[in-house]
Structure formats: C-alpha cells, structure tokens
C-alpha cells in the first residue's frame, strides 16, 4: 500500500520533497547536519506502517468526496470544505498517526499545525480544492518522522 | 445537529433504547438503581457535544459510502466493508469521542468493544450492510455517557 | 481540591495572572477583545475538573520529590531533573488534561510547548528547581481553557 | 534500562510468566498455537522501548512512595492507596504506553482492565501494598505486546 500512498499524495499535490522540508523544519534546531536521505528514510518508515496507511488513504478519500460534493450530508460537507476550525475529525485522524510515535510526535504536530510551514501552508489556501484532511495528515507524517528521528539519534 | 444524529442513528438501525441498554450494561454493577431517564440524560449530553456530533455524522457517512461502493479506493473500501480488525480508523474516531470523557470512558469502550453486548453485537453481524464505523461510535457514545454518569455520581 | 491546586501553583511560582497570559497568547489572533475575567472563568472551569486536579497535584508532587532527591530511582530522577526531551511522561500527563477538551486543546498544547511564552519559558529555566511536570501542566491547562473558550464562542 | 524494568517488576511481584499469561489470555481466541517464546519476544520488544521504560519506572516509583507514605499530599496519596476508580492518572500513564501500539492495544487494555485476568486481578487485591499504577502498567504492556503480535501475524 506504500506505493498507493505516495501516488495519492502526488495526485493531491504533495511530494516527498515537501514532507522532507517539513521534517527538516521541525528538526533543524536540534540536528543541523541532517541529509535529505536520512530524513526520507524516516518518512518511509512511517509511511510503511499499516495504521498510518489506512488513515492516509481514508483521509484523502474524504477530501476527494467532499470536493466532488458526494459526502451525503450537506452540513458536514460544508464544514469540511471550508476547513472549519472546530470540525475536529481531521485532527483526530492525525493524532491516530502521531500517537504511534510518542509524545514528541504530538507536540511536533501541534506546532507545525499552527505555524504551517511550506506545503502545509500551501494546502491551507485551497482554491476550490479540499485539503482539510490532507494538511493534517502531512503534518502528522512529518511530526511522526521527526519524533522517530529524534529517538534514534539518542540511542 | 442533535436531531440529525438521532435520525441518522435510527436510519442505520440504532435507537435510543439500544444505547441506554449499553450504558446500563456498563454501569449496572456499580449503580444498580439507574433509571432509563437518568441514563438518557447522560447520552443526550454526550450527543449534544459538537466534536461528538461531527465524529458520528462523519463515521456514518463513511459506512454509507462504503456500503454503496462509492468510497473511491477499492482496497480500503474492502477492508472497511469486512470490518477488518487491523483497519483501525474506526477505533481512532471512537477514541476521539471517548477521550473527551476521560480515562474511564476509554476503558469502558475497550471492554464493550470486545464483549459486544446488545446492539453492538447485532451491528457486527452486518448482512450486506456496513456498520464498521457505527458499532464503534455507538460503543464510544455509551462508554462516554457511562463515564460522565460515574463522575457525577461521586460529586 | 480547587483551592489546593491554586495554592500549589503559587508555591511553585505560577499565578492565575500567568495562566491568563498564556491563554491570551493562544487566543488573541482569534478573539482580540477578550477580558481577563472571561479568560479566568474558563481556566477555573478547567481547574474544577476532577481528572485535571488529580493530574496537577500528582505532577507537582513528582517535581517536588525529584527536586528533593526522594524519587527512589537515580536514573529517572536525573532525567526528570534535567527535563530530558525524550522522557515523555510529563507530556503524557499533559495530554491526559488536553484530551478532555478536544482536538484544539492538543494542537494548542503542542504549539505553546514549543514556543514557551511567558511563565512556561520562565519555568523552563529551572535554576536548581524542577519544573519538568509543571511547565507542561500549565501549558495543558492554558491550552484546555483556550479550547473551551473557542468552542463556547461559536455557540 | 530493560534490566531495571524486569528487576522492578519482580520486586513488586510481577514475573515474565505473568505477563505472558495476560498476552495469551488476550490472543488465544485469534491465535491458539502461540508459544511462550513467541509471546516473550513481543513483550521484550515492548519493554525495550524508551517511553515505555520511563512510564514503567515512574509508575512503580509512584506506587512505592504512596505505599511508604512519602508522596507529600495526603489527599492524593489516599486516593492512590485505595486505587480510587476516578483517580485516572494511572490509566493516563497506561494509555501513554498503549497509544504507541495502535488502536488494538487500547481496546485490549480496556478489556483486560475490566476482566482482570491472572496477575492483574492478584495485584488488585493489594493487602497493604499499593499497586495502583502497576496493575495498569502490566495490563498496558500485555495489551501492547498482543497488538504488535496481531499486526505481525498479518504481514
């Protein structure tokens, strides 16, 4: 399912380079000598986890259905389409990813979700598209990879 | 949105009576003199919470889309349709509800999700329908109501 | 137990004013016209919740025991004393508070925990004292109050 | 720190055999042919994780300090000593462990925490000792190991 995840990300405008940039943003103050290859190794490890893959594909399907107006409930569809701050289910899915990588992953996610560096900020602009689940998913994957990296560096 | 939640539950075969029964199942050993009215009061309080409502409607929409074969990704659709034990996103949504009601709600959910009393067991039989999200949602609502009830009894 | 919580906070150098400042920091961009009284109302509501009170008192007792060298395990005591980034139990306790207030509380916490405004930054400097649990607890209480405030404003 | 964890468990009356029994209890209906060696492999993998080790040692230190009357706050000490059901911090620590192993770990924990098989039931009887944190920790470790085992079996 790893290949599908990568391909869905790309269809929705998110490339490995973008996620690497987010992880770098989170870790640069702690580990300034990180290479892209090292970071990608950790992102791949996150993207290979089964529960992570399920959350990613499910979230992206939600975004697409909302975008195409096929969700079935008008009210929730509108909340998701406008990325309503108190909707909450998008963050719940993201926490489902972060929780697997410990408390640092959750803190990283909260930070990146407010500051919105790089691709996360770009996804937030929408322009007719719906990325309500995707921006939190990308943030969660980056936060999880950064947490795993931090733990491994200390062994 | 409370009325929509009740009406969606009923469309999918879950009635207030069923949820009351689950809460009673969880609390009977601690508080044997509970009346249905008291229990419904707590369920209503849970169902009036905004993040709970969003999770319920979102989850039921997922079930319906899977049931109608409109989810967009065959593989995930199949996992949800057969209520695959390692899918995990249904439980993540349920924890999103339980977390709001503290640690007892989470323990209650884990228990009810394994023992599957009443409606939860019935939803699990499917028969062509998909209740993968709904059975966890009902369990989470009952677990949350039971937790709130336990906390209030001790004031 | 509310009075004990306030008194323990003050003994450890945290005053209501400090927590109000943190909540204001989190909410000012959304709700610029907040008064201190309004904010304190939400902080009090958080501090009146039983599970929150238990987490606060437990965490502060941990800090004090570590500070006095009475924890019993040298290795863990050292990790807590130096606020080791990968210790993690302090954040787990904080999430136990935030989870009760939904997904916005968790995001708020992650943000404030990285940026460390006001009292949270000051607690982080230690100077012979141990505030490893306390800084996360204050962040969690502020994050929870800000989340409740945001939800209530939208009713 | 693995050796310390094993030795603390044994000092407090919990042996590898006991945890294996709990995992077996959780998994027997799904995987009847499990050997003790296979189960221990998964328990060891859980016990080798840094955040798990920190939670275990911290929790056991709490139990010991309460037992010896050295916690510093009479009221919280009494709640922990009598394993008060609404205390909640012991479960928060346990969820900190379970979350790392996904949604099945949380469900397993909720179940085992209610049914209290084997050592978990025994720890609950206390007799002058305090095992309020320990019984939840053992349940969480078993639940986590069972979850990892279930995920690996499906590869």
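Should a chain be cited, it is by its letter among A, B, C and D, assigned in written order, with residues numbered from 1 in that chain.
Here is the rule we go by: a contact is a pair of C-beta atoms (placed from the backbone, for glycine too) under 8 Å apart; a residue touches a chain by one contact, two chains touch by 3 or more.
Quick caveat: nothing in here was measured; it's all calculated off a predicted structure.
Subunit A and subunit B carry the same sequence, and matching their CA atoms takes a turn of 180 degrees, rounded to a multiple of 5. Put simply, the chain farthest from subunit A by mean CA position is D. Centroid to centroid, with C-alpha atoms defining each point, subunit B and subunit D lie 27 Å apart. If you average the CA atoms of subunit B and of subunit C, the two centres end up 31 Å from each other. Contact of a single residue of subunit A with at least two other chains is seen at positions 50-51, 86, 88, 92, 95-96, 102-103, 151, 154. Against subunit A, the residues of subunit B that register as touching in their complex are 1, 4, 50-51, 54-55, 57-58, 61-62, 64-65, 70-73, 75-76, 79, 86-89, 92-93, 95-96. Residues of subunit D touching subunit B in their complex: 85-86, 88, 91-92, 95, 102-104, 106-111, 113-115, 150-151, 154. The part of subunit A that touches subunit D in the complex is made up of residues 50-51, 96, 99-103, 151, 154.
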